[in-house]
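We just call them A, B and C in the order they show up, numbering each chain from 1.
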């Protein structure tokens, strides 16, 4: 609960609590749109994934994509919702160019899911955030401003892409809780395979409903809705900014106006999206073109049975079954693709802790460097397991392993074959090792002297020289042993 | 008794329906609407307290299609009837927000 | 042999037998259009070149065995709210004056696949809102029986075209009586099928839960054959029904002994024109002659059907017509300031007064605060009306009644009093509310020389019963000559 004392000058004012609810739109990863067979792929040339239905042509009619219902049910069940087994679609009427029919087909009266929850781990323990309802609806097209003509251009590719809207109860009290909630939704949707759910790409969009009230007040304040929040950072800033703005109004004796505000993260401020031409009355009524949906117990049961292991459970299991730390388990399960790769690598024979190290270590490092993500990894689990085995069996040393991994990361080479081909095996001939160490020691009497005096740090230098001489193919522990042995003689 | 249709009601209806009426038209429409509503008011003579609204005539449900890609419309076809277009998109007056 | 006087079925048989070609029939229709349509104004669009090319293609197809259906080669007119690919589709509205769809309505695909030749698009009330075809933005269609009179609406153009010999059959649409009433006024046969029988894909929506496309023709057999062609379970229409007993033509000429016919007492009340009452009673007599049992009964709720219909139809229409906004197609105003002004001016300049009236009523009854009192209430009354019909059809096979309170009114006398015009739909709207099939069959001609038809209503999915009864009436009534065959010219 963010109840920082609001200060104005030297006067200490009342304590205010922030009350936050979220409306999150999630783009579903179906192949086709909700009411027609056009592709949902992102990035196509404008108005090329369109048809009479998603462009509101006269005489067009919607046909419901079954996969949308399936995905909505998966999401609802994973978020602990009740299912409205009889549900239907309603028309939400309003005029805007990105809305080809000037009504959006959505669900008001009987949304598909209701009364669910998400559990967050806060400093004060587990906190439940209620989900008021989840409903299916269609996305609108895209509007782009055209400088030349000072007009707007409309592209209907996105019109009709299926969305679920997840409406929370106003149970959150801080930006932290909001971010945690969103991350939970994100990972759940990704694990279910229902959506990529990425803020930056627009496959997840969050509108923040925020009000403030004096701590202890039983009544909610007037809330505002904030849009255009394109990153977690923007969300956090917007929450802070709006909280301050509302408190300032109240402290000044003015009222908070219920309105929609657009957040500008560059300016770190918001302005009201007011238009007297906006009819606030959507005149919802049941869509006569779409028969209602009757969801059977059997359908629900089959979805429940097929629900994959979600992040929290998976992370716990990694800790209990594989002895991973909570930190590592959370990193691995933070990305479904990474978790899957981890599990496949174990299946291919690698020890869990080793696999975890490679994935949370080198893999993430390279991904970050290349600004890529786990789902785009090209090397196979089998190859990673093989690399780990080579290291385990001391065929190669750590540094070599890293080098080979870097190649494997780019081109998915078979590490065993690569090591063989490039003669990267660790040198096993102890005679050659002794000879080389002797040579290096002879060439570095000062270092040897320091070592004899107990300055162990210099061993690194000596080992480095040996390694260089042996073209990196020595076994570091053997080198160290040999140096110590020969120095003592 | 039916609702009283005032000038304010007419203003709101103009915004909802996106119609522009002259003063004369507005008054005529106001009268028409009032007349209609007074007439429609007779529905209240019927007791419907136990009746479910009939939205769909037949109890059809679960009409679905499979998630399979179908052919889209070629863009030139789509834009043939466009009042104004540019760069393959429909051109409209500037929108806010 | 006067080609134009053949029925569609008769023509098709002769074409199949090689006695006539489709091209000859089409040429005869085009000649008739050239002769009469300057006056009658049944058509809004006729592309002669295209039509003749298509006729040739159909003749080739019939010879090669591609087109083998029962109406192959027959020229047909299509109401202008049914989308035809590459052919202007206006809904008789300025807002779609130059709209050319790039897709066919499913019903159009079906008649095309059946080898029929579409002659052109017919006039109608704007967006199917009206009962006289006078709200059309482009023309006033005249009744071929007496050109001082309206043809009825909203499928006035289609019915007039059949009555004027300007086509052999036509497609119309019916939301509150728009096939059945003009069929009566024009002395032709027309049927609105059970809701969900004919796909609504490509029919420009007026009221989605009430609209149906239906056939209009010279007799019951033609309508049955055409209905068979356009009936389908269409996956492009979620409200399309999967029907089994769709061999409607087999119902023609069957025995009606023992059929139970009910006439609602309310239908023949004082408000009804004497001519119309006489026609209904005449048909009752015909049916009795064939062995049917006819009796009067109380249907109930009659006066509530109009308000329920208008609330529901206006509500759905107000939403369906929102898409006409000058953005993607259709009329955009020349001058405007900003987006919302563009919407308002385009729609206000593009829509006619009747359409605007219904959009406003519809917007109001759906608006917050009034939704329960008006829209929801109307839907509940709808449920009661359906129940009343269910009870009636438990007792009767057919309900018999008028299609309209009078014969065709004179042109220019209906639009000044919209309420009166709405009330004249009293016999037809209940059928749409309950999703039932309703058929109009011509019965008699009054002293003024205007035709009067009667309406047969059946329970859901019982079109065959209607066709059987209609063909029985035709048999007893005897031959029925359309006006173009009675005089040299209609003009």
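We take it that a residue touches a chain if its C-beta (ideal position, glycine included) is under 8 Å from a C-beta of that chain, and two chains touch if they have at least 3 such contacts.
Here the structure is a predicted model, which means the values were calculated and not measured.
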Problem - Closest chain to global C-alpha mean, per-chain Cα centroids - result: B
Handout entry: More contacts between chains, A-C or A-B
Key = A-B
Exercise for the section: Calculate how many whole Å lie between the centre of chain B and the centre of chain C, each centre taken as the average of the chain's C-alpha atoms. Expected result: 24
Exercise for the section: Could you put a whole-Å number on the gap between the CA centroids of chain A and chain B? Expected result: 40
Fill in the blank from the handout: Taking each chain's mean CA coordinate, chain A and chain C are separated, in whole Å, by 56
Handout entry: Touching two or more other chains - residue numbers and ranges from chain B
Key = 12, 16, 18, 55-56, 60, 63, 65, 73, 78, 90, 92-95
Handout entry: Per-residue multi-chain contacts in chain C, two or more chains
Key = 99, 102, 209, 235, 238-239, 322, 325, 327-329, 339-340, 343, 363, 367
Exercise for the section: Give me the residues of chain A that touch two or more other chains. Expected result: 52, 55, 63-64, 93, 95, 97, 152, 154, 275, 277, 281, 283, 288, 290-291
Fill in the blank from the handout: Contacts from chain C onto chain A in the complex sit at residues 82-83, 89, 91, 96, 99, 101-103, 105, 200-205, 207-209, 235-239, 315-316, 319, 322-325, 327-329, 339-340, 343, 363, 366-368, 371, 375
Problem - chain B-touching residues of chain C, taken from the complex the two chains share - result: 98-100, 102, 195-196, 209, 235, 238-239, 241, 301, 303-304, 307-308, 310-311, 318, 322, 325-332, 336, 338-345, 347-348, 351, 356-357, 359-361, 363-364, 367, 370, 373-374, 376-384, 386, 418-419, 434-435, 460
Handout entry: Residue ranges of chain A in contact with chain B within the complex
Key = 30-32, 36-39, 45-52, 55, 63-67, 69, 93, 95-98, 143-146, 149-155, 262, 273, 275, 277, 279, 281, 283, 286, 288, 290-294
Completion exercise
Residue set of chain A touching chain C in the complex reads 52, 55-64, 91, 93, 95, 97, 100-103, 152, 154, 275, 277, 281, 283-285, 288-291
Practice task
Show which residues of chain B lie in contact with chain C when the two form their complex.
Solution key: 3, 5, 9, 12-14, 16-21, 29, 32-33, 35-37, 39-46, 48, 51-58, 60, 63, 65, 73, 77-78, 80-84, 90, 92-95
